[in-house]
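Handing you this structure, nothing more for now.
By written order: A, B and C. Residues from 1 in each chain.
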């Protein structure tokens, strides 16, 4: 008999007073010990989902359970079972890293005798031992994120929510954080619910990926299966003269599905595989069309998103002004959430 | 000259436009003088019973002149806050890059300050008249008071703009307003100079704000005193602060 | 979750949050200078500039400085209100509030603990104002005991005002909104018996406002200890209003805190 899901969501909805549904009826289940990647552009509903699952924002309708506890009825038990590193690092720049951990430990109910040891353990684990007694105001972005992760782990939760944990980090910091998240899940057995707008992050880390757009899950499976569903490589053609776009579309009609990019490029699937690339070139040549560039893509999660929504995920500036509400139901100024 | 005028006009227009679009920014600069008028004229009116207090127009008018000129000074100070905010947001850099005559930037800000203060001053005057204030000065004398107010506003605005340009951050607020606050409050604001005693009398006696305040009060109750001296003091202040603002601008230009 | 974890005792939660508040205050000492200095500057200026007021018939037979000494305590309390409010608002804006909300911390512990730093400041500045007053020649008519009672009343007032700042922060979630309220609170002080005794407020509407302004009774409570000695009525009204303000603001803040936490 399989264990109950660590996170189970059924038709979860969140509406805001003056705006569209930020989360529009999502269903998902995350198995214990799994890394679930929640992928989508800015404004898709990712962070709103996390806020609901971490009990900081009540849902409008639907139900969800985290760690076996209902998020509405058993909020205190949910919070005791989870750790969360939300979109902002949310640290006090005046306190040191160690002081943060001691405060968190006290509030989480760690016995006094164990607090200092636990704090040191976590500082060692995230590589902040040397900086432990410096004020957080002097930390780099990567250090702040690592401290954020350490704080989420103080009370040894079985489920961890990470909301865009590597946004704004340099490559080195990002890679280090990935390694730690992977270790947490696959060595310590912690369930990780990770939201991200970075394809490579979802690809690299997630056991399964849910793609969310406009508050709905448009696709869900392992990264490999999602890409295999698309199946075919895609060639992206950028005309030398963008005004001749129609001509290009016409010349490429005999191949697979076409999608026009906002920059005038045309992406066309190659049902016959990479071998059809030469035929594409011949067709364009025969039509007397000159290309500025030609790129062959193997299927990526961006292509999956493109196939499901008609838009690219990367560079997609989601203009939906999702009014973000702080947990009290009041808007937090000016910050758009995914 | 044309470039100077066009930059001045552009910056002044933006200043007024922003005020019209967000009228709430005017609220503190209008409310504060009204509260001071209410508190001082209302709460301290018994001061008029002190022997040797002589002001023909009455204590409300006595306080009105102070509040009128204080609102002018702080109107200039608030302009400095706006300039500091422009640096914090990066807009000031855009202005410096695009203005063919950068002196016009300073002039534009000061004109904006003056126009905003004229509105504030009008509201304060109406409120004081409604409160039953006596007006003894003639038309010319009242225009003289208005002239003093405009130059006070100019001096304060130039100080604030220069300081904001030197510091280029909203944190400059305290640095901008404290000296103005101290100068204003070390003048005979509650009672005439002859009724001050102790150290404050010594300080107020040499405070340039005292001359300005006394001149304004004299114009208002038709007993003008030291008016020429007040204007000389203000002209000197304006010249010094214009140089200060220019140096602030140069500092901002060097910083890029 | 690790075994051995239990919900921490309320006092332990209060202590942890308060400790952070105090650490923040101590590490930002420079920010205390202006709030402590500004009331003293006004005290120096007004104490001298308004000294002629002692010549108004009916003015108490004391120096104007002695009469005025109560006011810095009130102005200091206002700064405490703003500091408490801005600190909490910043936590809300930065998301640190959410971090604490994810723990088992109780709303009451959050509220009480946040006051730690502001109350420390209130205590320090009250002592400073008192010492400056004495150093400038003001005698405390109620003696050493009265000075201690004065300090207690001052801190109590500051506590109540800190509740105002906290309430504004919880209601608006914005440091700017808290700071924008400060001038209005500051001006409320003027519309009281801060500058002249109530019986010498000639203008009828002003007298009316001052009579119904709780700030008048807070000031008069402190003032009585300085210029009158032990005035039971003034003290009763002063402490009464201080406690009433405290109960009201802390009560409303508790509701606002629970609302903002809005956890299931």
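As a working rule, a contact is a pair of C-beta atoms (placed from the backbone, for glycine too) under 8 Å apart; a residue touches a chain by one contact, two chains touch by 3 or more.
Just so it is clear, the structure is predicted and the values come from calculations on it, not from any experiment.
Interchain contacts link the chains end to end along an open line, per the touch definition above. Inter-chain contacts peak for the pair A-C.
Note on chain placement: the centre of subunit B and the centre of subunit C lie 31 Å apart, centres being C-alpha means. With each centre defined as the average position of its C-alpha atoms, the distance from subunit A to subunit C rounds to 46 Å. With centres taken as mean Cα positions, subunit B sits 54 Å from subunit A. For subunit A in complex with subunit C, the residues that touch the partner chain are 54-56, 58, 71-76, 78-82, 84, 86-92, 94-95, 99, 103-104, 106-111, 114, 135, 151, 155-158, 326-330, 332-333.
Subunit B contributes residues 28, 31-32, 35-36, 38-47, 49-51, 53, 174, 182, 185-186, 188-191, 195-201, 204 to its touches with subunit C in the complex.
Per the touch definition, subunit C reaches subunit A in the complex via residues 1-2, 4-8, 12-13, 15-17, 19-20, 23-24, 27-28, 91-96, 98-105, 173-174, 259-264. For subunit C in complex with subunit B, the residues that touch the partner chain are 34, 41-42, 45-46, 48-53, 55-57, 180, 183-184, 187, 190-191, 194-196, 200-203, 205-206, 210.
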